[in-house]
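The letters A, B, C and D name the chains in turn, as written, and every chain counts its residues from 1.
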Amino acid sequence: MSVINVGVIGASGYTGLELLKILIHHPKFNLSYVANTEGGTTLVSLHPSLAKVCDLDVKKADVEECATSCALVFLALPHQSAMAYVKPLIAKGIKVVDLSADYRLPQDIYEKFYCPHTDAQNLAKAVYGLPELFRKELKSASLVANPGCFPTSAILGVLPFMEKRVKNTPIIIDAKTGVSGAGKKLSETTHFVNVNENLFAYNPLMHRHAPEIAQKLGVDFEEVHFVPHLVPITRGMLSSIYIQVEGDFDAHELLEAYYKDAKHVRVSKNPVDMKNVAGTNFCDIYVKQSKASLEKGNILFISSAIDNLMRGASSAAVVNANLMMGLDEDLGIPNIAYVP
Amino acid sequence: MSVINVGVIGASGYTGLELLKILIHHPKFNLSYVANTEGGTTLVSLHPSLAKVCDLDVKKADVEECATSCALVFLALPHQSAMAYVKPLIAKGIKVVDLSADYRLPQDIYEKFYCPHTDAQNLAKAVYGLPELFRKELKSASLVANPGCFPTSAILGVLPFMEKRVKNTPIIIDAKTGVSGAGKKLSETTHFVNVNENLFAYNPLMHRHAPEIAQKLGVDFEEVHFVPHLVPITRGMLSSIYIQVEGDFDAHELLEAYYKDAKHVRVSKNPVDMKNVAGTNFCDIYVKQSKASLEKGNILFISSAIDNLMRGASSAAVVNANLMMGLDEDLGIPNIAYVP
Amino acid sequence: MSVINVGVIGASGYTGLELLKILIHHPKFNLSYVANTEGGTTLVSLHPSLAKVCDLDVKKADVEECATSCALVFLALPHQSAMAYVKPLIAKGIKVVDLSADYRLPQDIYEKFYCPHTDAQNLAKAVYGLPELFRKELKSASLVANPGCFPTSAILGVLPFMEKRVKNTPIIIDAKTGVSGAGKKLSETTHFVNVNENLFAYNPLMHRHAPEIAQKLGVDFEEVHFVPHLVPITRGMLSSIYIQVEGDFDAHELLEAYYKDAKHVRVSKNPVDMKNVAGTNFCDIYVKQSKASLEKGNILFISSAIDNLMRGASSAAVVNANLMMGLDEDLGIPNIAYVP
Amino acid sequence: MSVINVGVIGASGYTGLELLKILIHHPKFNLSYVANTEGGTTLVSLHPSLAKVCDLDVKKADVEECATSCALVFLALPHQSAMAYVKPLIAKGIKVVDLSADYRLPQDIYEKFYCPHTDAQNLAKAVYGLPELFRKELKSASLVANPGCFPTSAILGVLPFMEKRVKNTPIIIDAKTGVSGAGKKLSETTHFVNVNENLFAYNPLMHRHAPEIAQKLGVDFEEVHFVPHLVPITRGMLSSIYIQVEGDFDAHELLEAYYKDAKHVRVSKNPVDMKNVAGTNFCDIYVKQSKASLEKGNILFISSAIDNLMRGASSAAVVNANLMMGLDEDLGIPNIAYVP
């Protein structure tokens, strides 16, 4: 099979860089178009670590030029900016993996938490890019909405236990994320001195990823209690999830059975950590049952670890592109962690 | 008033050092006896940072010698070792603040989670050293059981809301602690490479501080779901607490009212962090109400931050000693944080 | 003796905060005036860690108001801004400790590395605030130029060996500094992701502290080769110094003898580290002689550690104020390190 | 060309893991034998990050078994242990890349700094595995002594300037290394609390890598003044080098010319950092000339960055194996850095 030309629009940020790092060595995808909103530079100027590795030009993003040189495009742009590119690209028959939030939610929910949506037509057809939920649909998708990092780690942790869960009880997600999740932008929150030797919750019970989690799990938004915490780590995400379940079952066995064929989920008998998944597309999951016997059922503690920039964004996007293009799901997907 | 001679047994570890750091500059306590289990050394040999500050001899711990030179002794020893000193010291009329777990729990619970107890008599009389719960009792105590670090941060966060809490619902405590909590001992868990750029839960739903929390809150052990996480930080502890409450009330106002006279609790309108309390005896607390309306009541998210070695151990111990000796609660207690 | 009213202009930054943290508990200085360039706020708003500790108003800096309420003022302002306050304050008879670079260098050198100087008169009378060099002069000074952090650590390391040094050979200073030295300003260099797990030299052989070092050591600027490195640490500074010496002597003994009466220098037999000085005014120094016998003499490796915000700025400033006011040099000066 | 069977003895440590991570995806090398000194385990048990990636058995190291299954073996063992395997493996015609110090130095120097050598015959024939010095010899080598991490970064930095260097002047190497260089062993030095927010020199002017540097540069041991510092980083190494040079030349241009064909050295116009090389075999080098004009010539500041586990050990070892087996030098060698 010949190579497939792909492009990246939004090459400057962290997720853009991660896409490039994967695509440079992908055995089937050929990086034929790289752009950001300014253009007029090179990959090595933007990302000095690519010196002697890849020095493509970075162009000013242009739908026409992109469409003539690619069969599929990754958009690593902020929400609202992304939809302005998706619409014309899809119209020209280019497949798109959008890493923003623009196509993840039904219009009413999207507009409640983000901004007005200007591409309802494609929104209705977009497939949510979590293979563990929509593998079949992804294979024939033209437009994939790549999931948020928090939703990925949370959904993969909760999903296997949805049938055991006691209806109408809280799903509590206490998430911890590395600072790269906040992006390259300078802010008080990313100043080294404010983060180092520190730890705090932010947007508690108010983060925009909560409706995404609820919607994909098929529960009411008010049942998901989501609190992210910023930790002094560059990359990594750990979601500590607490749910109430009923019935007599072995949670670890259920988890293992649920993911026995999953290429990018690993079930662990020991509490999972951030390090073993850093740099990879793996989601590592651990579960522990409490011995409590409350009225409303037992508590499960689920710990779910991903690399926020990889499984939480860029390697997940390439998995989706693989599926969309009829390739093996794990072709060219990094599986060697940044340990030690 | 003249000075009060005090001693420290267990001068080698982190909590021992923190005690010394406070006592060296305490306006009323005079550090007249310093010991560890080996003796034959000096403070500066154990803790080079004390050079040109304080170079007392460190003696081999001896009850007789200690009793003749001190009115009050701090024990910074592992559990089980501590009780062997408490019994004879109390017998000689010396007041004791014990930083171990030995006198924190009723005998049956203690023996279930730790080891056989050999000093039931004093155990029955020991006062749990949380002034926010037992200030009055502490003023006349001879033996104080200094609280664990996790229980301190958790109890202070939950306490104000116990009346609003829906009975028989889970109290979920997702705690994050710095590595100094694991002590000086060499272990896989404290190896820099294993902790740095990493984060994981340990002893999930099984940590020995859970029964301490339950017992002091007056709830059943099975209602407390406690999961500590190790974070790549030297000192600091943040407990993220989720409870179900009922009734119409303003959680922030209730919290402010509850702690309006507390010298060492600060209520914050913004999420609290580890840095603002590091090096001090403050516990900073934030609360956020969810808008959910579940069958079993609303969810409160409570975030409670302390310095694990200070409010979680050594400065709390000196507060207790102040109370036991009739001094002002905050005399000589550090209140200047290690920011930035 | 009654209290002495002092003020701080420049309360917002890291060195301003450190000044406040020391002055709040100083036994003789009374913090009677706190200002920044905007005013209209409070200390707790600027620095939440001061809640329940000190909540003075922060005023808009005004020379008149300042002069009526203080006998001495600390200026924690950027260079160039500082001299605009020094001139009128000195004219009104107020003593000043200036933490900027404005009064550290002779006019010609200052103007070469910084900007035009508008207060030559006071510049000529300012005393360089390193007690180890100018203790006597400081006692009668009206205006003290507080030394830069790099110069402090470098000069204190080199000074004892100047007589042994081979003339005209390079003085190599390889310095490592924590990120707080770069201040609160947002920049690429202070973004957590750029600093964490990273290390690099900046302004190599071109930093403005090099002429300060050369001038105070009395050597030619071209003999000082100074390269600072940024390290992923919040506070701390370590200077690794290499000089060529001649003659037969014991470097450690010479160092000990030189600083035997110094209250804030500690000579160590083991390599020094950042942690034992963090939070204090100590400078810890270690020296090691090579066994080499080059034509031009042996090499000495000198390692000099300070807290960049304390001995490198704010606690040094309070030491200078103590001397200017006839107080004991170490009155109210923090000597308990942030270990562990 | 068919695959080449290779083995790893010493699979437990950090350099062993890094070897495995590279070899698992190497296009020509087939990992046919993995062992450590105990055996009886699996790769996933030793390194959980390899779950769902590679789960070979880990055998008890045995020369016979190894020799029958491999054409080339990597030894990732401590010095002294390594030579016991090298001798019989070489005798059986197996090629060996030894990552220990055992074959790096002439016997007299080795025995002075390490221990008695028991394999003088092979020592005499071993090739030092730095392609920039010995590419030609490596192509026909049976036994390669893989360089130490500090020597790699130092030699690559100094080498281009040896002809410009003023004879008999000091070569000063102030190196900074991440903690993974200290290995998995538990020690005070690797305890998180001792390293985090800290920085110190160790073995100043006495480290065993100094003679290796001197010997390979062809200078007298007494001319190399080497001081390593431990920094709170997991992986990375930066050597700051100061040498005296004479003559009129452009140091950056000379550096670029020297390495213009080097596949794994990158010359930078800006100071280099650890992050851009982490996870790769690149050595990034920057040079800056001082404007000084001392008697003995000008000073060059050279900054040389590598990943201590990769270019400083394991990826360098695979490069050497590539050369020994007639493959392209960069075949299967990681070049995508762990940024951000």
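Some notes on this structure:
What we mean here is this: a residue touches a chain if its C-beta (ideal position, glycine included) is under 8 Å from a C-beta of that chain, and two chains touch if they have at least 3 such contacts.
Being a predicted model, the structure only gives us computed values, none of them experimental.
Chains touching both chain A and chain C: B, D. The pair with more inter-chain C-beta contacts, choosing from C-D and B-C, is C-D.
The greatest centre-to-centre gap from chain B, using C-alpha centroids, is found for D. Distance from the chain B centre to the chain C centre is 36 Å, each centre being the mean of its Cα atoms.
Between chain B and chain D the centroid-to-centroid distance comes to 46 Å (mean Cα coordinates, whole Å). As a whole-number value, the distance joining the C-alpha centres of chain C and chain D reads 39 Å.
Looking at chain B, one finds that residues 14, 180, 193, 197, 232-235, 275, 340 touch two or more other chains. Within the complex, the chain A residues that touch chain C are 14, 179-180, 184, 186-188, 190-193, 195-197, 232-234.
Chain B meets chain C in the complex at residues 14, 17, 21, 24-25, 47-49, 51-53, 180, 197, 234-235, 263, 266, 268, 270, 275-277, 279-280, 282, 309, 335-340. Those residues of chain A that touch chain B in the shared complex are 168-170, 172, 174, 176, 193-194, 197-202, 204-205, 222-223, 225, 227, 229, 231-236, 238, 240, 242, 244, 271-275, 278, 286, 288-296, 299, 301, 303, 305, 340.
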